[in-house]
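What follows is a structure written as structure tokens; I'll ask about it next.
Chain lettering (A, B, C, D and E) follows the sequence in which the chains are written, and residue indices restart at 1 in each chain.
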Amino acid sequence: MVAFFLIILPLLTGLIAFFLKEEKVVKSFAFLSSLATLAVSILGLTLMKAEENLQFTAQWMQPIGSSFSLRLDGMGQLLCLLTAISYPLVFLGSWNASYKRPNNFFALMLLAQAGLMGVFLATDALVFYFFWELALIPMYFLSSQWGGERRIPVTFKFFIYTFVGSVLMLIGILYIQSKTVSHSFSLNAFYVVELSSKAQSWLFWLFFLAFAIKMPVFPFHTWQPDTYEQSPTPTTMILSGVMVKMGLLGLLRWLLPVFPIASYVWGDVVMSLAVAGIVYASLIAIRQDDIKRLVAYSSIAHIGLMCAAIFAENKSGMQGVMLQMFNHGINIIGLWIIVEIIERRFGTRKMSELGGLAQKAPVMAIFFVIIALANIALPLTNAFAGEFLMFNGLMNAKSNYYLWFTVLAGLGIILAAVYTLNMIRRIFYGEVNELTAVATDLKLNEKLALGIIVGLIFWMGVYPQVLLDVTDNFSQELVNKIDISHLFRKQ
Amino acid sequence: MNITQILFWFLSVVAIFSALMVITSKNPVYSVLWLIVTFFSISGHYILLNAQFLAIVNIIVYAGAIMVLFLFVIMLMNLNNETEPQKHRWLKMAGAVAGGCLLLVMVAALKDTDIKNQQAMVNEGNIGLIKNLGKELFTTYVVPFEISSILFLSAMVGAVVIGKKE
Amino acid sequence: MPINYYIFLSIALFSIGIVGVLTRRNAIIIFMCVELMLNAVNLMLVAFSKMHYKAALLAGDVNGTAGTDGQLFVFFIMVVAAAEVTVGLAIIVMMYRNIHSVDVNFLNRLKH
Amino acid sequence: MNALIISAILGVVMMFSGILLKQKTAVRNVAIGGIIILLLVNILEMGGTVFFKIDTRGMIAFDQFALLFNTIVFVSTLLYLLLSAKEIEKVGVNYADYFALIFFILCGITLVSSFKSLLILFLGIEIISIPLYILTGSDKRNLKSNEASLKYFLLGVFSTGLMLMGIALVYGARGTFLTVPDPLVTVVPNALLITGMSLLLFSMAFKVSAAPFHFWTPDVYDGAPTVFTSFMATIVKAAVFIAFIRLFDDAFEGLQPQWRLWIAVITAITLFVGNITAVFQQSVKRMLAYSSIAQAGFMLLSLYAMNTEAKEGLLIYAAAYCLATIGIFAVLAKMNDYTFDGFNGLAKREPLIAATLTILLLSLAGIPLTAGFLAKFYMLKATIATPNSLWLVIFAVLMAAVSVYYYFRVIQAMYFKEGNDATSTGFSLFFKGTMVLMASLVILLGLFPDLLLNWLYF
Amino acid sequence: MQNALQIVYLIPLLPLIGFLVNGLGRKHLSKSLISVIGSGVVLASFAMSIWVFMQVKGMTTPYVAHYFDFIKVGDLKIPFAFQVDQLSSLFLLIITGVGFLIHVYSTSYMHKEKQEHFGRYFSYLNLFVFSMLLLVMGANYVIMFIGWEGVGLCSYLLIGYWFKNTEYNKAANKAFIMNRIGDLAFLIAIFWIISRVGNVNFNDVFAVARGEVDLRKFTGTDITAITLLLFIGATGKSAQIPLYTWLPDAMAGPTPVSALIHAATMVTAGIYMIARSNVLYSMSSVTMDIVAYVGLATALLAATIALKQNDIKKVLAYSTVSQLGFMFLALGTGAYVAAVFHVMTHAFFKALLFLGSGSVIHAMSGEQDIRNMGGLSTKMKITFVTFLIGCIAIAGIPPFSGFFSKDAILLSAFEKSPVLYGIALFTALLTAFYMFRLLFLTFSGQFRGTAEQKHHLHESPVAITIPLIVLAVLSIIGGFVGIPEVFMNGGDRIGAFLAPVIKPQGGHTVSHSTEYILMGLSTTLVIVMIIAAWFKFRNFQRTEEKGLGKVLENKWYVDELYDKVIVQSMHQFGGFLKSVIEKSVIDGLVNGVGKAVNYGGRQLRLLQSGQVGSYILLMVLSIVIIFALQFFLRK
């Protein structure tokens, strides 16, 4: 039941929100709804842990072998929690921003949340695909209606790009379904389907393309900086904080377990792409002047690391990815909140036009520094444990080039320090200029949102075990599923 | 080489020649006339195949009604040879070549079918007589017959809609 | 008479009709060429009907009605042709009323 | 059978209603009433109550498939009339006759959806085509309309010639016009049969505007009055498709190796031409013409696959495509400016219309939760089940992605661009209601296709 | 009584609390209260450390306090645990002791700061002490790494403490990033260890290394790789070649910070780490050599640079680098104890020197260029005397502390090879020379500053002088914990104390006579150097440096080299990627598809010519083609 409510709650409230014209009303309505969702997801983690609560199945499209089935496994728990947490934060953080036609804005936001939840919960390929698109459409409308100057072409490119990926994935889904014994779309049927290694190979790429574009992995990332730059910041928060996790979840739930052989065969290629992406994105980030673009590229680098760790195919890597999926979301949302504040206050995102904010807005500066340092995985902040485990996973990967991957990915750490510290320096330190001289410090709601985020940062940083326990079983099962050593033993 | 064959060849030559004249003659009126000749020769073939009913209908309906209609229209617009400008030469050539190719491929396709040594029964076999056809038409084919009336109806309505002055 | 002769004859007429359609610009002539095509088809149908009749006879059913349907089809073709002619000529006349020409090359307001 | 006869009668009734009734609204209501009656009797026939028991000597067979399709057609026609009957009256003086012609066309559609004999197919196609020539040219003062009508006519009769040649050859090979010849007549795939089959294939391809026989489509759809474009682009096209699939399923199933490849090629070309050409159009009407070619390409997949899923899929596709396109055309007909810019800022002035239009466009683009997605889904599913046809599927979905491009141009214009208020006449409340109904139908069908398909199996 | 060890967690916890209190309350607490809290917590943990020290003395096995599992994945367990043994307790004393003095010093030195910044400063200092304690108390490499990065962060924050000054912030970034380079190596070493051992607890790792656990084993390459990587980490933190250039720039921070972080404690973390993993290092001679050579090279290079620096703090900074080099030399030659010993003494006298320089700068109202000083000895007696003591100590004149530790190092160098010894000695002489150059330029001769600087000159207040005095005393007597065997049997108490952690290698191979000769030699030469310096700089007039002098003044142009070769090229490359690869190649491809589709549409459109004739022609042609293919290709 929990699983069902996680979807239906935002869906219904989203539909209702269309009809609440008054800005204050719809704003608070959306906020309350997101809080309710959060409560539900926390329930799912604590009181209603029982399996029957976490599963939901309904008859649907029986003839073509599909059924509306959801399940809240470890990863699902984690990502739903992330989604549920980020929404209140986003609303709270951007409370002072005002939009024309607010009812549409918040309604679409909530619909997107429903879509995301669905993607994270679906255990039926068709349902998964449905929600995959359902999450995309509202995002597209949000970005190109409330976005920046070049929003229309940019977000449209984003849409087409991801759409191409997803339809290719649809072909893959259909093919596998036709190969399953029961001609069903259910996840378990997919796990046991017998595929020739040749078929696995091209199916692997069909699926991977969709996920790679979504994450995004180098070189399929070019839509991302533009979109992040052009979208309204709340949308960007969801896009970068939660939506990219769709791709990772796809890899973990729909790619590796279904095509273990292909994943093993192509693992090196994917890892090289991912690692190349880390260095590439970091180097570009160093040269950015626009804060949004900088954060966007840094996000590409982080995602690259996660992707690489996934294909390390060992438990340490997996757990690291789980942890990082959550923490990356929290951190980047924190960053966006401050970026949004800065943009709203000073009307610019150019670091060259800012500076000296630390004198005028010390609280903001402190929050930003903490979040930024968390973003570069300083120990005792949340990202450290995750990255530690991921690197450890890379180091113990089956690939022959594991050392290279680790070292190159490690360059990312250094470069991350470079651009992050420069960003801090150029925005907050130095003398004030006429633009920032009039700066004011954070408002209460912003303090609240950022305070929560910082709290999470330290909690997860000092005691990451909380999350690791949630996903422990899942990762273990996953690793067992994708373990193909028995194949080698045969020969 | 009996009389039937002679007739067959004669009619075929006439049909093809007149058909060629239809598409080559500049003046539309001539084309119409040549087309009528073609129809007559085809009717001859029908008679040869002992399909008298069709032969007659062909002459009455086609050569009679339809072609006269054409003739009227042409006269009404008094189109004569100078009123029809020529197509570009290469387009003409292309058209002719395309048609020729079509003829070639179809002949080549059909030249050795497994029915090539079958015969079409000429000047005997009475299925073509009005009696038989009528019986069939009003028993087996009555539904299509009625349907064709709907067709006529719609054509009539259409003609009215288009033709009526506003 | 061997059926091939009839097949080739009607195909020839048919192709001539097509050539006409391709080479002429006068809408009426084009239409006439189409009529020529239809007649070619008719001829072929009749020939086939007699062929099937003969085949049936050889197969041994005397006073069978095999092949009648072919000739009846020809009849229906004529019906349809007549209907088409009425409509077609009406359209051509309407066109002529408006642009005082029946040259299909002038039909180029709609393109791309 | 009910539908066939009733529709013919209704055609006559409409003819006279023009003379007897003076108000346009009365005529319109008669027409709408007539279509409702038609729908009811057809549903009754599905239930098993046949008013007219006529022995057609196996030339016509009203099976569940045909009847279900007829239902779809009548429902769409009903919605079509509800939305754009007013527009029909605007076209010309003899509006009653237009309704009459529409009913005759419906009669022809019932024929082609249920024929078992080439003769019936031929007659049905003609009964559909001849009124269409007229309707295309019905806006007599408009040169474009005339031109479209003449083009349509010339090309149409040409393709009829091809079709007849094909029929003649098939007859020569088989000695019968029935599409399901009795097993005694042994059919070896000889040259005669294959040639005839190919010619039929071409002429049908022409009727469904499949490349490279599609050339008439853009011009005719563009030139014809928008209301009638809407009708012929949706309902008629779907009907011909049903005829197409029936023909090749019944008559030429044994010859699949001979035609499957060509269908595949034609499908690919159609998808390519339709989608790519639509990208660059400036007028929404013309874009929709090309998009109808593109959609035809997708429907052709069902012919290619030719299995149960394909047939079910074709029904869903027909429904989805008709609903969506009719709705879009209905709105387009109310626009003063047919270019994309004509839609600028529609969302601000008419949020409801814009929303419904968006849903319909999404359906055409094949976005999930809409019937359009499910239709495409069925097609792909059917195709992927057939051996080594992956290239076609991938090509198809890539083209679908291209189609998103031009459908979304409209959405962008409506929502993200500022426009002046004078671009559209007002929308009546009734119109809005119908649009909402259509949109909800699209969504409903997209979520529960069984609602439709269960009719096939009871 | 074990209970001291049971509450050992208090030692890092107290500074953390101090950090939180000062950090959050910096706006509301009064300066005096902040100072009390800030220094008080450190004093408390100093007391704790002494207590712990007392207890540790007798222990043979380290005490490990396990609190909770920091990370637990599968069979990889990383506990959050503290380990207390002789080595760490010694460092605890140094950190908290010196730390406390510097806190006290700061209370007066930073008094001019605005209140909230004052609070910020002390919270940073406390945070630093906390991280440093974490570093030395961690029971496994990960906890050590946490402290390791923590101190890096604090140094970053404190270098950029005056954040309005862009140059300072750049210096801070430089410090952090260069440390990160080392940290990466450290991390990889940790992963390597995990992949071999399965966890990172010191005891388990060393047990495996010693081969006490049979199932898992290190190969030779493993050891070498791990030790080398750890060493690279150390070069980052302890400012060795090639990662030393951040330390001089780090002098941008307040002087007490330089004293605490960049002289006494943080920079010695590298030495601690290597001493901690001496088991591993002893197993890889390759690494040992590398460590020794790198250390020596750094010592020499830094010493040469220090000769020509004019900023009082820069001189001290380079001398720090040089001294650190000495320590690494010691480590490389296997004299871990000597290294640790030198860490201790160095902590005393270098802190003293820095604080002294701070007092001078304070008196000179911010002036740092020694060419503008001179003759201060009369004005500020205490500072002068303590500074002098510091100089003697660092120059290594018996019986001052520096002598003993440096002598131990030189001796072990000699044991390894006379060449090493020669260079090391030469460096030591340079040290004496530049330190006394500094001393004379600052305190002797005429005053060369501006008039009102002269007017302001005064002895610093008590809060500054007391730490100076204490440290001076320590610098004098600090050496007696490690008196060489030759003088006094069992004099090497520190070695005995550390024995459980660092296995003493057997007695010295050199005979006592040689040892005496070496000591005499070094001492005499040092005195000669000092005299030379006296004659050269007694009365100084500034001259334009040229030739080698200019190169030295510009630090061998190493910074410029790094900037050109690494920073600039990286920027170039990044720009290239941003503007060419990203825009044109990758995105170009993506957009190219769209453009191609558009173009195709434009061209394909033209097929729709509007001519019925051409339509039919195209249809017929395609029919012909299909027929042709069907019938002639099929056959």
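We take it that a contact is a pair of C-beta atoms (placed from the backbone, for glycine too) under 8 Å apart; a residue touches a chain by one contact, two chains touch by 3 or more.
As the structure is a computational prediction, the values presented were derived from the model and not from experiment.
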**Prompt:** Chains shared as neighbours by chain D and chain E?
**Reply:** A, B, C
**Asked** Comparing centres built from CA atoms, which chain ends up most distant from chain B?
**Response** E
**Message:** So, comparing C-alpha centroids, which chain is the farthest one from chain C?
**Reply:** E
**Request:** Could you tell me between which two chains the number of C-beta pairs in contact is largest?
**Result:** B-C
**Prompt:** If you average all the Cα positions, which chain's own average lands nearest?
**Reply:** A
**Request:** Please work out the Cα centroid separation of chain A and chain C, and write it as a whole number of Å.
**Result:** 67
**Computed distance of Cα centres, chain E from chain A, in Å** = 37
**Prompt:** Using the average of all C-alpha atoms in each chain as its centre, how far is it in Å between chain A and chain B?
**Reply:** 72
**Fill in**
Per the C-alpha centroid definition, the whole-Å distance linking chain A and chain D comes out as 43
**Request:** Could you check chain D for residues that touch two or more other chains and list them?
**Result:** 119, 123, 126, 130, 133-134, 137, 140, 151, 154, 158, 169, 172, 191, 194-195, 218-219, 405
**Request:** Could you tell me which residues belong to chain E and also touch two or more other chains?
**Result:** 594, 605, 608, 610, 612-613, 616-617, 620, 623, 627, 631
**Asked** Residue numbers in chain B touching 2 or more other chains?
**Response** 87, 91, 94-95, 98-99, 102, 106, 109-110, 115, 140-141, 144, 148, 151, 154-155, 158, 162
**Prompt:** What are all the touching pairs of chains?
**Reply:** A-D, A-E, B-C, B-D, B-E, C-D, C-E, D-E
**Request:** Give every residue of chain D touching chain C within the complex, in rising order.
**Result:** 119, 122-123, 126, 130, 133-134, 137, 140, 143-144, 146-151, 153-154, 157-158, 160-161, 164-165, 167-169, 171-172, 175-177, 218-219, 222-223
**Prompt:** Can you list the chain C residues touching chain E in their complex?
**Reply:** 18, 21-22, 25, 30, 104-105, 107-112
**Prompt:** Which residues, counting only chain E, touch chain C once they are in their complex?
**Reply:** 605-606, 608-613, 616-617, 620
**Message:** Applying the document's contact rule, which stretches of chain E touch chain D when the two form their complex?
**Reply:** 594, 597-598, 600-602, 604-605, 607-608, 610, 612, 615-616, 618-619, 622-623, 626-627, 630-631
**Request:** Give every residue of chain B touching chain E within the complex, in rising order.
**Result:** 87, 91, 94-95, 98-99, 101-102, 105-106, 108-109
